[in-house]
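Here's a structure for you.
Here the chain labels run A, B and C in written order, and each chain numbers its own residues starting at 1.
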Amino acid sequence: MSNTHGMTPTNSAIFGGSLRIPGEKAAAKPVVRATWKPRQRWRAFSSKLFFFTSLMATVLAVAALIYLLQSVAEQGLDRVSWSFITSFPSRFPAKAGVKAALWGSAYLTVLTAAISVPIGVGAAIYLEEFAADSKLRRFIDINIANLAGVPSIVYGMLGLMLFVRICHFGRSLLAGAATMSLLILPIIIVASREALKTIPTGIRHAAFGLGATRWQTVRAHVLPSALPGILTGVILSLSRAVGETAPLLMIGALSYMAFVPETPMDAFTVLPIQIFNWTARPQDEFHVTAAAGIIVLLALLLTVNALAIFLRMRYQRKAQW
Amino acid sequence: MGIIAVLLSETIEFFRTVSIREFFGSATWAPMFEPRQFGIWPLVGGTFLITAGAGLIGIPGGLGVGLFLNEFAAPGVRAFIKPLLEILAGIPTVVYGYFALTVVTPTLQRVLPDTEVFNAASAAIVVGIMVLPMVASLCDDALRAVPRSVKEAGYALGATKCEVSLQVTVPAALSGIIASFILAISRAFGETMAVTLAAGSTPRLTLNPLQSIQTLTSYIVQVSTGDTPQGSIEYKSIFAVGMLLLVVTLLFNMLAYSLVKRFRSVYE
Amino acid sequence: MVNVGKDQATVFEPSAPYAIEVNDVNVSYGTSRAVLDVSLKIPEHTIVALIGPSGCGKSTLLRSMNRMNDFVSSAKVTGEILFRGSNIYADDADPVLLRRQIGMVFQKPNPFPTSIRKNITWGPGINGFQGDYNKLVESSLRRAALWDEVAGKLGESGLALSGGQQQRLCIARAIAMDPDVILMDEPCSALDPGSTLKIENLLLELKERFTIVIVTHNMQQARRVSDYTAFMYQGELVEFGPTDGVFETPKQELTRDYVSGRFG
């Protein structure tokens, strides 16, 4: 920036100090001028305070995350090994492993997906593409929004009553998967509807214009375009299910299992429950085992989330409405 | 809404044995020992302690992060912090429980030797960290939704960033921000695993966060993981407790939902 | 495509004192250049209109006069803009104090979502106004020709007013700060003809007290209200001079084509 005028006289008006330079203009409005007394020091101080406070909040939040991950890694990283992944739990912390829990989590996730995805995506398509904008639909909207906020343990109680007692699934994988499906259905429905909403109406009208029925339009044009978005939502909600503990505790997943479940009606355990159990024990050795379990769980979740991010990125690149 | 129906049937069963007056009138919760007493207040008090503590950390923290992301963070910084918050939000609650028990509690004990092994404070701290990303991201959304032109009007009057942010943007986004606070409180209220692991299982009415307490949720876990026979009064009691939990969180959510809706209508 | 070039531009030099002097200003957003080597002097107590086809850089130039471009992270300003003799882009210039003295009215009415009264008092409040706030509210609203319409409902939301009223509220809000200069970015583009007329009459009264720079796409409006007119095209200043001269005897062919409605 060059100053072609050479040195200009310092204008106190915009360089701090008193707000105005004296002069002919100031004389023109003397009464008003005298009544302005800004607290410049306080304003400068509060600006800095504001910046540092919000910066601190952010730094502390990030620090908490790093500290959390670091303390888990410090405790458990040495314990993670191939034998940890392929061993069953044991009374001896040094021998305990996560085989049953890992398989349990995997089976539970697959089963949950099998139940919740068709229902959730179906409901979303119905609500978004077929249902008339009626009072009923708005009622369902509000309910779904509210369901997403219900504490997970309440879903556990519901699952306990509905699937374990009334449907006689027992304390089985199937009961667990059904309960988890209840939990994540609202999330899947909301995410899928959001994905469907992003598809421009023009596409639908174009298809209708060619004489397609509503269902043909959805199947051939809307659904394929919305699929990546739906998939991202599904994966993220499944990753939520992988990390959930309380509902499965409610329906009675075991914490000690020396076998891998083979049918949906078998008893089961999952990683978070295994971790809960180890953490709840008083011996420090088991806390190390718990930390190792947490590392396995976080690694699993990270993989799943990375998949979702990958899909989202691909989606964003492809979609150019 | 089948949830309510199912819970309701067991809850009614429970109230056949225990009067509603005792439930809300007595200050002792002793379901396992004779004489059994079912006064809900100790559990509500414990839950309140956790919720208040978590709110004290998560709400200002989350708002601070939201403001930082909105007012100061360059696009690059934002792109770095947002995913970190998502990770923080995605960590399973049982991991937070582990963190409370093995990291936060020992630290507290070093600073305040009176701290019990199970205490409300460490649970409240981790629940606060847990709800922080949610508050941050909702506040960020609400602040971003305030039209640029309104902020510019503030700047054009010779206001500093701090003045525009706190006196123009925040009030304009207030209902969205408050909705995020309510959701955080509701979430802390229903949080289970961290509390079960770290806060203990001693139902008592106390305001001392260094003591062991019990919350509504951890009572449910305690009974359902114990050897309580189905049909017994303790077993039924968890449904009454769960019903209370559900009703309170639903009220919170409905409040937040209506606030968000109001917020949207301001700028249409 | 016609490029005028700085040397061919016709830039009139009005007599001092100047409220704002623009010297060789360039503004770019990333790689695209919005304002090219513009120089002009804005005398005190006049109304200067910036006209030109959309995208010609007139709004960008206006926003660089009170450093509102600071909030666009990709915007870069070179050259200097003198406000009462000092460069507002100097390292130690404080944009907050600057904006306190150079008010702005925006294209779309943007009242704060609070009461009418609070809309007026907020700016003076943070800037330490010590006088009588009731009088300030009344005098500002009177000068913005809004007092009679809102006198009884100062507690109501500014957003409840009609578009034209909202814009006059925004003008009242700017006046309340008692600034030296008021920048107006197409203040009537979102308003009906009736409201536009009211605001144009208002401007003529306000110039007794303030210097006004107004961006407008409406040539008739520029002609009706302004003392000087600057015509910009593709980021360059083509012609600047007394309004009558620019419209009736333009020196540049480009200006003539534009004011006669041949393009734009």
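General observations
Here, a contact is a pair of C-beta atoms (placed from the backbone, for glycine too) under 8 Å apart; a residue touches a chain by one contact, two chains touch by 3 or more.
Treat the numbers as computed from the prediction; the structure is a model and nothing was measured.
By C-beta pair count, the most extensively touching chains are A-B.
Greatest centre-to-centre distance from subunit B is found for C, with centres as Cα means. Centre-to-centre separation of subunit B and subunit C, using mean CA positions: 49 Å. In this assembly, the C-alpha centroid of subunit A lies 16 Å from the C-alpha centroid of subunit B.
Chain contacts: subunit B has residues 160, 163 touching two or more partner chains.
Those residues of subunit C in touch with two or more other chains are numbered 96-98, 100-101, 126-127. Among all residues of subunit A, those that touch two or more other chains are 43.
Subunit A contributes residues 1-5, 8-11, 13-16, 19, 21, 24-25, 29, 32, 35-39, 43 to its touches with subunit C in the complex.
Within the complex formed with subunit A, the residues of subunit C that make contact are 17, 23-24, 44, 78-80, 82-90, 92-94, 96-98, 100-101, 124, 126-131, 178, 180, 209.
Contact residues on subunit B toward subunit C in their complex (touch as defined above): 74-75, 147, 149-150, 152-160, 163, 167-168, 171-172, 266-267.
Those residues of subunit A lying in contact with subunit B across their complex are 43-44, 46-47, 49-51, 53-58, 60-62, 64-65, 67-68, 71-72, 75, 142-143, 145-146, 149-158, 160-162, 165, 239-240, 242-246, 249-250, 252, 272-273, 275-276, 279-280, 287, 290-291, 294, 297-298, 301, 305. The residues of subunit B lying in touch with subunit A in their complex are 1-3, 6-7, 10, 60-65, 67-69, 71-73, 81, 84-88, 90-99, 101-103, 129, 132-133, 136, 160-163, 165-166, 183, 186-187, 189-193, 196-197, 217, 220-221, 224-225, 230, 238-239, 242, 245-246, 249-250, 252-254, 256-257.
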